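Structures follow.
Both complexes below contain chain A, partnered by chain B and then by chain C.
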Partner chain A sequence: MNQVKNKKSILLFLIPALALYGCVQIGPLFQSLYYSFFSWKGFGEMKPVGLQNYIKLFTDDDIMRIAFKNTFLFAGISLLILLPFAFMLAVTLTTKIRFSKTISTILYMPGVISTVVVSLMWCAILNAESGPVNAVLRTMGLDFLARVWLGDPKVSMYVVIFVNVWQWAGYHMLIFYTSLQSIPGELYEAASIDGSDGFKTLRYITIPLMYNSIKMNATLIIIGSFKCFDIVYNMTMGGPADSTQMLATYMYHNTFRRFNYGYGSAISMVIFLLSITVSAILQKVKFGDESVSY
Partner chain B sequence: MRWKKMMKKRKYSSKYIKHYIFLGISISMVILPFLWVLISSLKTKSQFMVDPYGLPDPVMYENYADAFQSINMPNLFKNSIFISLTSVLGALLVASAAAFVLARCSFKINKWIYSFFLIGMMIPLNAAIIPLFITLKNVKLTNTYAGIIIPYIAFQIPMGIFLLTNYIKTIPNELEEAAIIDGCSVVQLFIKVIVPLSKPIFATFSIITFMSLWNEFLFALVFLTGEEFQTVPLGLASFRGQYDTNTTVMLAGTVIAMIPTLIIYVLLRDNIVKGMTAGAVKG
Partner chain C sequence: MMKGKRFSAMALAGVMAVSASFCSAAEVKADDEKVGIRFYNIWPKNEEDPQVVEQYKMYEEFQAENPDIELENIADAHEAWATKIKTMMAANDLPEIFISQPSDFAVYADSGVYYDFTDDLEADPEWRDSFVSGSLDILAKDGRVYGIPHTGYVEGVYYNQELFDQCGLTYPETYDDLVECVKVFVENDIVPFAVGAKDGWPVSMYTQYLMDREAGYDYFAKACEDESTTMDTPEYIRAFEKFMELAELGAFSEGASGASQQDSISLFTQGKAAMMVDGDWDMGTFLQADNGEFGKKVRFANFPSIPDGKGVQDALCVGFGKSFCISNSASDEQKEAALRFIKYMNCTEASTRLLEEGGGQHANKIADVNEDKVSELLNCVTEYAGSTSQTWAAYGEFITPGFYDEMNKIGQKMLLNAISAEDAVKELEKARLEFQINQ
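== the complex of A and B ==
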């Protein structure tokens, strides 16, 4: 290729990608930043307000506080449940178990289906009158546990988080599973000859070799909660009484329902900055000794 | 000595029993909701209200016909297929051309351009959606195929360049050198040498792009407000307003919507899994 002197044709190959990416992804990012300093209804006059949108966002907006709280709650609970659970599934599937491929195929099934389908399914399952969850609880005599799952501000956020965990457990399991399969078997043989038991092997061989995939899964989960929109929109629309608002849904609500384009843009910049910061930090952070290799 | 061996064997089988129980519970957690949805979608409205886990009696295939008509499924599927396929082809074309140059030319600036593209993998859709909507509205592209396909292509470019550049780099150079000596132009080189050799990664990239665009919701919700161009997820979401009164029909709708996805998944399972985990490196 270096022999090719025809730079014009090389440019021809690169320009469509650069132009599209620049105009549709990078450009709007700066436009968003610009809009975030204005009070604007999407048409007509743009009134410059300086940092007012950001100040309101961080100090003077109760729903925004709920959205922040829910987003971090979402990220935290998802991390606490998904990481260990997906890891255990992957480790279990890597043992000499039959049908492991079929099992992994089934476990990842919710991940290939659209989140809208998953949301509607679970809305029906959790329905207070006709849903099987309350019906099962009543049959077991646990009536006091039955409730209006999506209509009760105290539990609705946890319900949405649970459904999200249900949908993505298989995906995170697959990432662990793929990376487990790349660990050479000899390592485990050597360990068992040296008298290592199951737990020690897990602690001193498997987990250190999985730091990268743990990090990758953690990043995906945290960033996923920053931009989480589909599931909340389709299950609760942010309600009841804004109790399930998250950053992305509140941005949508402000921009496309209330036509506060400036304020919406400010929220979108917060989402962007949080995402970038988390992926940068997690890329830098070292869990234990990452120089371990095989 | 024999009992020791037996003990060991016993220990192993009991260990695996625990594994099977754990996996069994996990699988049931996945399958039972689907099963319940499928069974409920065949019930009459009145049976559904009083009998949450019995078998359908009588079997209401009409729910499926109703779901098909009430949200105009044929039109939704037509739009989804057209939008997803065109976007996949577009993204493949644009990203592979750029990846070819980035993998093969050793201009100093290329490294910078490559990193510039990779930044895009960290930019969430939400960060660009407001200005994009305003621009699309100003050039009258909201509620058109082009207005959704162009953003879809653009947002798949970073991932495409990441996967394709790394793959093309692993293709040995000799073939191209021979082709250049034979007087191939750059375009010919790309079409006759690179494209045929990159087929596996093209397939992986196409499949994961197709799956994610088929399910994409936020852009579709904002950019396609009229019914004419709506995609399957959008059409389904419109059930939500009426689900209190019509749950069985809604469930039939979700079954119709997931069947094509599940068929593709079962047929292309290995490719999808490979692609999804390779794409995850972006984190």
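== the complex of A and C ==
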């Protein structure tokens, strides 16, 4: 009896939050799905077009292809660099070096600054005419390396990815760092008594105990890349000539610049499905024995 | 039982409180006699912008003269406004008076959100005739006027006289002269044109001038309406070839493709670039740069002519972008009050006052301006605007956003030398059919 009552009160407490979540998250999701089957300017007549938006999106849209390529490139490179880099930083900081607290705060700093500020700052640094990067390269006689960093289709995507990595390395490091702190010191003591060296300790103690946070970081990085909008929009606006277009920027572009709400909704559904699929896969994938404990 | 009653009473009170607060947020505060009108605009209070300061004075004066109206001023910066107003229109949830622009009319005029001013203008011919010719046409669709033009713009070439003198050059009259100037500037390590192509539209100011010189405004305007008038023409190919020739010669700043409009303004005001095609909205920045020193060097002129081009060769890009509109869902009293306010803000007297005090172009004809109050540069711009034999509205003002967007991108591609002039024109034609004609 008590349990039933308990469940009721749990439900009662959950309802307001659930209702709010339903209204602002689940509701618009279905609305988007609905709009994606129409050709619609955002007002007036909604012309049902069936799956045409999706068909066009996958078969007859060159920019969409660029956006897909860039989004996966963004996710892939971010994952390959951010994950090991943040992990190494966190491990280094736990090895009792001096000022580790200060260093971790400094590293975490870019994550606290608004992305708009970060983007504008890097735009100024990378400015082809007045930015310090090109100025330094030129004074060193490395003129051939100086570039129009944000206006050269060959490099601008990588530049944006670099800035993204710069901004979020500290954030992911912090997740690793806190997780490292929770590993009891006795384990390391025991390992060193048993004659384990640094690498072995890392391989058999640290990494297995960190599977969950590795997985979490990987999910965050990938999903963050799929819906990444602000940094690209502020640094290159998806240009020049669509060369840095991402799924999210292209969705915005279609919806709010071309007034193509139906098509924009279809793109946002693709982003949603991609994110859901990837996080489901990551949930299923087992990185060794996750329930490991010593 | 008692408990239940108390609970339902409390719930009822809660619901009422919530709905009351919603009402007060959604409806305009109106006293018994007063008609409330909300005015959603793009001029947040800014003590440093003389035009905005003057505008706020005018709101207050209007309020004092019309005690039966309660005017509520709601202002957002341009970017925020541009996004919000689209959402408001899509939801048909508009304040009584709002600011709109011609490209929005192209999309939303048919949706019935705009109040139709045609009869009011007919009823007051004096008011109607006070507008600069053509300024009402661009806000009309099928002969019905949906907006009252307010701020205007003049786009042309701003140039740094000091750099021209330094290189022994005079401002080029024709395209061939321009090419010569570009070569001399490049030899002297001076950037001929400062362009910020990241935003897209600044490139279009150049391509459109060339297109206009080669084919003329009327041709472009016709092609936007008539499916069979193609844009894949030799004139546009020549225009684009000229643009790419300039790019090839190094006429545009090195980092143009990754630079914002703001970057290009800095380059120009730092005296590193000789020219910049821009609108008079940046004139204030030019005049004030370098503690006013830069203002003494900067001049304004029309874009060079192309003598064998088919367009009117001294045509100047002049238009009226931001206009006052009334929401069609406002009540009759509100519409009447809104119209009174709009007439107050958009008449010869207001236009003259805003020009003298703030230095901006406005859509009503100007009465005797006190020339001492106006900068030399502004006088020069106004003179050009008055003496040209044809004015043309920036293409982005009246074509659909989708088509404009494509046009900007084609400009970026040409700047990057990523496309040939012929292919660029083919893309332009494709975009015209897809986004303009079949929209």
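One rule holds in what follows: the second predicted complex is superposed on the first by the 275 of 294 C-alpha atoms of A that agree within 3 Å, B and C clash if a C-alpha of one lies under 4 Å from a C-alpha of the other, contacts with A are read in each partner's own complex, and residues count from 1 in each chain.
Going forward, contacts are C-beta pairs under 8 Å (C-beta built on N, C-alpha and C of every residue); 3 or more make two chains touch, one makes a residue touch a chain.
Everything numeric here is computed off the predicted structure, so don't read it as measured data.
Superposition of the two structures on chain A leads chain B and chain C into a clash. Contact with chain B, but none with chain C, is seen for A:I276 once the two complexes are overlaid on the shared chain.
Once chain A of one complex is fitted onto chain A of the other, the partner contacts of A:W168 are absent, as it touches neither chain B nor chain C.
Residue contacts after overlaying the shared chain place A:F68 against neither chain B nor chain C. Between chain B and chain C, B contacts the larger number of chain A residues. Contacts of A:F256 after superposition on the shared chain: both chain B and chain C are touched. In the superposed pair of complexes, A:L93 makes contact with chain B only, with no contact to chain C. When the shared chain is aligned, chain C comes close enough to touch A:D242, but chain B does not.
When both complexes are overlaid on chain A, the residue A:S32 reaches chain B alone and has no touch with chain C.
Once chain A of one complex is fitted onto chain A of the other, the partner contacts of A:E129 extend to both chain B and chain C.
Once the two complexes are laid over each other on the shared chain, residue contacts for A:V116 go to chain B alone; chain C is not touched. 42, 123, 127, 129-130, 256, 261 are the residues of chain A that lie in the contact sets of both chain B and chain C, per the superposition on chain A.
Within the complex formed with chain C, the residues of chain A that make contact are 41-44, 123, 126-130, 148-153, 156, 236-237, 239-242, 253, 256-261.
By the touch rule above, chain C contacts chain A in their complex via residues 83, 86, 89-92, 107-108, 110-111, 113, 197-200, 253-260, 263, 266-267, 272, 400-402, 405, 409, 412-413, 415-416, 418, 435. Interface residues of chain B facing chain A in the complex, by the touch rule stated above, are 16, 19-20, 22-23, 26-27, 29-31, 33-34, 36-37, 40, 48-49, 52-53, 93-95, 97-98, 100-102, 104-106, 113, 117, 120, 122-135, 150-151, 153-155, 157-158, 161, 173, 176-177, 180, 185-187, 189-190, 211, 214-215, 217-218, 221-222, 232-234, 236-237, 239-240, 243, 247, 250-251, 253-254, 257-258, 261-262, 265-266, 269, 272-273, 276-277, 280-281, 283.
Chain A meets chain B in the complex at residues 1-4, 6, 9-10, 13-14, 16-18, 20-21, 23-29, 31-32, 35, 42, 88-89, 92-93, 95-97, 103-117, 120-125, 127, 129-132, 135-136, 166, 169-171, 174-175, 178, 215-217, 219-220, 223, 226-227, 229-230, 233-234, 248, 251-252, 255-256, 261, 264-265, 268-269, 271-272, 275-276, 279, 282.
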